[in-house]
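Going by the order they are written in, the chains are A, B, C and D; count residues from 1 in each one.
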Amino acid sequence: MRLKSTTGAVLAAAALLATGACVSEDTNEASSDSALSGSGTGADCTIDETVKIGAVFSLTEAAAFAGTYQQEGLALGFEELNAAGGITYEVIQEDDKTSVEDSVAAFGKLIDRDEVSAIVGPTLSNMAFTTYTDAESAGVPALGVSTTAEGIPEMGDYIFRASLPEEVALAASIPAAKEALGLTKVAVLYDNADEFTTSAANTIKDVLNDENIEIVAEETFETADTDFAAQLTSVLEAEPDAVILSALPGATVPLVKQARNLGIEAPIVGGNAFNSPVLVGALEDASEGLIVGGAWSAASDTTGNAEFIANYTEKYGRAPDQFAAQAYTAAYLLDQAIRADCDANREAIKDNLGQILEYDSILGPISIDEGGEVTQEPVVQIVHDGAFTLL
Amino acid sequence: MLQQLANGVFAGSIYALFAIGFTLVFGVLRHLNLAHPAVFTAGAFIGIEVAARTAIPIWILFPVVALFGALAGVLVERIAFRPLRGRDDEHFAGLISSVALGGVVIALLQARYGTDPQHFAADYFPNRLFEVAGVRVTLTQLVTLGLALVLMLGLAWLVSATSLGRSMRAVAENPTAAKVLGVNVGRVTAGTYALSSALGTVAGALLALNLGQAGRDLGASIELVGFAVIILGGLGSLWGAMAAGVVLGVAEALTIHLFDSTWKSMVAFALLFAVLVLRPRGLFGHVKVREV
Amino acid sequence: MLAGYDALITTIALGAILAYSFHVVLMAGQLSLGQAGFASLAAYVSTLVVPTEPIAGSISPVIVGLPMGALVGAAAAFVVGLPVLRLRGVFLAIATIASAEMIRVLINNAEWTNGALGMRLDRWVTFDFAWAVVAVLAYLFWRLGPSRSGRAFAAVREDELAAGSMGVDVARTRMASFVASGAIAGVYGVMFAYFFGRITPVSFDFSLTVSGLVTAVLGGYLVFFGPVLGAVFLGAVPEVQNALGLEAGWIHPLVTGVLLLAVILFLPGGLSTLFARLRPAPARPGPDYAPLDALDPLPDPGTPLASVTGLAKSYGAVNAVRGVDLEIRAGEVLGVIGPNGAGKTTLVNMISGLEPPTAGEGTVLGVPIGSRPHRFAQAGVSRTFQHSKLFERLTVLDNVLVGTHVVSRSTYLRRLLWLPSARRDERRALALAWAQLERVGLADRAAARPGALSYGDRRRLEIARALAAHPTLLILDEPAAGMNHVEALELAGLIRGLADDGVTVLFIEHNVKMVLDACTRLVVLDFGEVIAEGEPREVAADPRVVEAYLGTEHEESEHV
Amino acid sequence: MSEPILEVESLKVAYGRVQAVRDVSFSVPEGGLLALVGANGAGKSSVLAAASGLVRPAAGRIRFQGEDVTRRPAHRRVAAGLVLVPEGRQILGTLTVAENLLLGAHRRRRQAAPESEMYDLFPVLAERRALPAGSLSGGEQQMLAIARAMIARPRVVLLDEPSMGLAPKMVDEVFAVIEKIRASGVTVVLVEQNARRALRAADTGHVLETGEIAHSGPASELLQDPRVVKAYLGVE
């Protein structure tokens, strides 16, 4: 390493020559393919060429619990759209293996080799922070369906999300819980090794501050932990009115279970990651009274929700969760953007995706602004008799 | 405080259960079997599936799971370790081959069970809460602790008093001498793996029962703490693993109680590091520091 | 042409850099797994110094981060190494894993690192930059391989005891590999940070360690580009699976796992096994052995070289050596004989530093008894072993080249710059090594591995290796064991020739005829004590010696 | 002359390319005592290792009780009654004396306390039965090693350097035990460096040199043969 400056420069040049100097092509040019623009508008739009949509989700390793639902939801959405006719979509699915390395490689492949019109994903915000810089510089619209961290749409003009930011979900569920339960002092428990949960915990603390709710205990754990009795004992001793939890699904079940076992009877309030039927199935009685803020509810009577749940369950043999619902919605949002000008070129999608106003989705009315940020009404649910019900 | 001590003991008993299978193989054969966490995870999934399909009571379930585990152990040895025997990089290569095999096992679990965590039916093992001298304990915790003790005692008895145990100790100390005495080293090796993996799968199923669910990362989540436990206890020392598991559990609980939960994860490794530097035999071990 | 592959190719480069940090410790036989911690420290610290704008308009600002990262990684490795390098094998592995985990928790809890939320950085690392770093690393390892330092690494990996006896400072070599590993891990951390533009503590968790180790072992350490092989393999497998139309999901890790298993089980040296055979056979240097004349002269005959008194060694209740007094003078050929278990090997082990005595004192070539083996070697003691300790994965020639360690100068840094003086020094070492191979008659086997040699040839190779150190005192532990009479006779001739050249020889032997042929003085040990000493033929005729050898005498009928 | 119970035919043993045994053939009649003598490294131990199944021969054949056992694993040879007492004793130091013996009695687990009969033969072990074997003296460890082999009720015992490193008095005791074993009808193959003692005890002897049999004959003749002495000391 000592020789970096001299030998390094020579070798760098050599390496460049060896691998071909054709890499620095300008990818940001607004190349437009006339075959991708069709005739008609809106529902009548027909495009002859198959429209390729890339999808990057975590299908294996840690975040596969979410990624497989997203894969299925997105596939279902485009299947329905293809059946409706006019435009034929092809989803090119990549697995980022819950790793930054693979997500970057997957984006590279979709952008340059498959030349997709838009990309849905990735599953985790952590990877989005890296991959979206590539999407932005290549001029490929990217639509996140679970990237809830702060600052993601601000990464560029081509970056959008149809995933309710965690702070919005929490900002809704905490006041709702406060109103319903009369909270004055709470305990906050969060996973401080994970970025998503830590970020959510910061929002939680801000919201609690705004709502004048006192934090009587604050405890942390790590993603891989399996035993939370020691933290919960401290929580128990603080006698909170409610426990606000920011955890990934893997830790949520044991946490709630152990909390109930230890005799914590206070209501437990959580965010986006709680919104899964698997959770209720695993917890059964212990899930009673959980308050969950999120983007979608199986109990909502939003447009098409009942059919979505029925079709999904029939096709995949399991009930959908919020991840599936959001990915499903993404398919329709992209379709909207493409049909607006009947143009599936990247630029057109970018221009139109940022102008979706009040689209009536299974998540309820949803809009995406020019900045790429989503606006939708969060749903606050409470688990009652083993099912999510609207609070 | 008393509650926290109890919390520590219960958490530690799970650590110990994971670690004894691990340390057994190392003690007898000097193999660090990194497929153990995957087998542990498989134990949880198999336990859940068998319980769901057959509705057999829990005291029959665990022996059934152990049987699967024993089979898995024999396969791990056959696939990942036996082909390497006698090679001069046997131990390095064994680490990698067992990592690879562990990855294969996890992939197979995903193929069979998908990505959703699996769980026992809630009424499979009705949980009950007891309060003794102000300390709350659940039936699952008591069963876990009890089973951990029974398995430990059983294993200790097996190793000290049975012919298989004697053969295992003979192989551990001097494989050549054991061979000369007519010990079937191949069978003892397979037996050690079978035993280790049987313990691992039972521990996995037990942890799943405790947690209320099992994901594919169940074993990976406990792997590093498992390393800490086997070193603290002294590599190859069964009682050491048990004691170290409990010591670690209690140390973590007390850290949370007295300091701050953010430092909990530091405890295991700081303790481990200190012990390795100051007393490489481990707190309780008498095994010599050996080459791998 | 590379469109769509550059991200993949860059991640392969990063994987190779990470693997190099494991490669360097594996080369020295150390299972050290703390790299993830060193990488994360370096990555975080580098964010404090890397400028936000390109330097001079076009140079990637990461160029500032790399030396910083290397420094931080090396320093962290040194600090961790001080206490843990006493440990070996799995203990070292777990201690280093613990150090990485502690660093992760510290970073996760620190304020300036932004905890689990991590940091966002500019993505300054392009794929050509990444491959330039790989090229530099590959260059460093390419030049290291056939240098004196590279051979020291290999010797420590193959056999620490033998390496020490050849004058390699084992502790320093291990530390050097550890620190180099930390430095490369640091470079990796910085590259990671500025390629992905994002660091969180979780980026540097245990799975990073596993993937680095897997890549390094998969690639193998038989060739300097092993890590690149490993990284390319792991990068290409998913691509091939995609090309074959395998659906993303569980099938991918399954196939990768099975392939990895197959490589480990069937290619013992990893993928590098496929390339190791391509190495050219060592060439015989020109007839110019002139540089050998520059070697230090040996002491004049009669100069006292070693003197020990009351030397004793016990293992628990067993007294292997009990109170031996011994003097060795320059120019003599001293034979040590005695039945099995008499303590002969233990005695020479103490004289060459392999074992500390339990009692007694003295010096050998000025080095006090009880010092570490490389000190004796550096002073001019060189030895062979009863059960030959050859470096099995090195060639015959490389084995002997390791022997030149104490009489050659470090060439690595100069080799990097292609300085002529380095070439000269390596040529000198080569000339010295070839001279020894020719001396023992093994020159035509220079490219072979020791495993391919006959028993007698292995013995001769060990002697050649010991002689390459230009020793003042040569210790031979049963050099003729397993040789036939003809070979033993030749060996005796060789030893006498050495004595004529001024080398002092101490040798343990069972073949008494050979001892009588070669020795000027004979010491007989039995039960750890000297039972006879003096002129060889007189000593051999001593009834006590005969009895010790052939067994106790009850009847007086069998005179020898 | 009775049928040979153990036959070794053109045995070759190699470790890698190293030929330790080049071509050795011999046979032992039932109840006989054969001595293999020779200098260090002559290949004596390798012959026994091959005979007992510890190493696989590169070539050649080993027949025990008329059956070819060349490819049979070590533990099955022990079960059949072919037992090795290895060089350097190889007792298991952390196990107790009784446990060491029980390991030898592997095949007789139905019998209660099979080790007790050994205590009659080796009274010194009876006193130490509960101690870790590592705490015994060298001679006692050798006795334990022999007892551990005898408890398997072997038909042939292969003894590798039983006198190595022992004080002369202990050597006498070991040879006394060998006599007893022999008297009980068990066949013995004895590898020794202590050639005189070995040949005095044996019926037949073979002198090994660099992996080959250099001389053989009735032990009493070899004992007088100056070439044997020469093989050791190289002096006339």
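In this section, a contact is a pair of C-beta atoms (placed from the backbone, for glycine too) under 8 Å apart; a residue touches a chain by one contact, two chains touch by 3 or more.
Computed from a predicted model, the values in this text were never measured in an experiment.
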item: Chain separated most widely from subunit A, comparing mean CA positions; value: D
item: Subunit B and subunit C, separation of their C-alpha mean positions in angstrom; value: 35
item: Separation of subunit C from subunit D, taking each centre as the mean of its C-alpha atoms, in whole Å; value: 39
item: CA centroid of subunit A to CA centroid of subunit C, Å; value: 51
item: Junction residues of subunit B - those touching two or more other chains; value: 107, 110, 224, 262, 265
item: Multi-chain contact sites of subunit D, meaning residues that touch two or more partners; value: none
item: Touching two or more other chains - residues of subunit A; value: 59-60, 68, 192-193, 223
item: Those chain pairs that satisfy the touch definition; value: A-B, A-C, B-C, B-D, C-D
item: Of subunit C, residues touching subunit A in the complex; value: 1-9, 11, 14-15, 63, 66-67, 70, 108-109, 115-118, 120, 123, 126-129, 131-136, 139-140, 183-184, 187, 196-198, 200-203, 238, 247-250, 252-253, 416
item: Footprint of subunit C on subunit B - complex, ascending; value: 26, 32, 79-80, 83-84, 87-89, 91-93, 95-97, 99-104, 106-108, 110-111, 223-224, 227-228, 231, 235, 262-263, 265-266, 269-270, 272-273, 276-277, 280, 289-292
item: Of all residues in subunit A, those that touch subunit B in their complex; value: 59-60, 62, 64-65, 67-68, 192-193, 219-227, 229-231, 233-234, 249-250, 253-254, 257, 261-263, 278, 281-286, 318
item: Interfacial residue positions of subunit C with respect to subunit B in the complex; value: 26, 31, 83-84, 86-91, 93-95, 97-99, 101-102, 105-106, 108-109, 206, 210, 213-214, 217-218, 249-254, 256-258, 260-261, 264-265, 268-269, 392-393
item: Of all residues in subunit C, those that touch subunit D in their complex; value: 316-318, 339-341, 451-455, 458, 478, 481-485, 510-514, 516, 527, 540-541, 546, 549-553, 558, 560
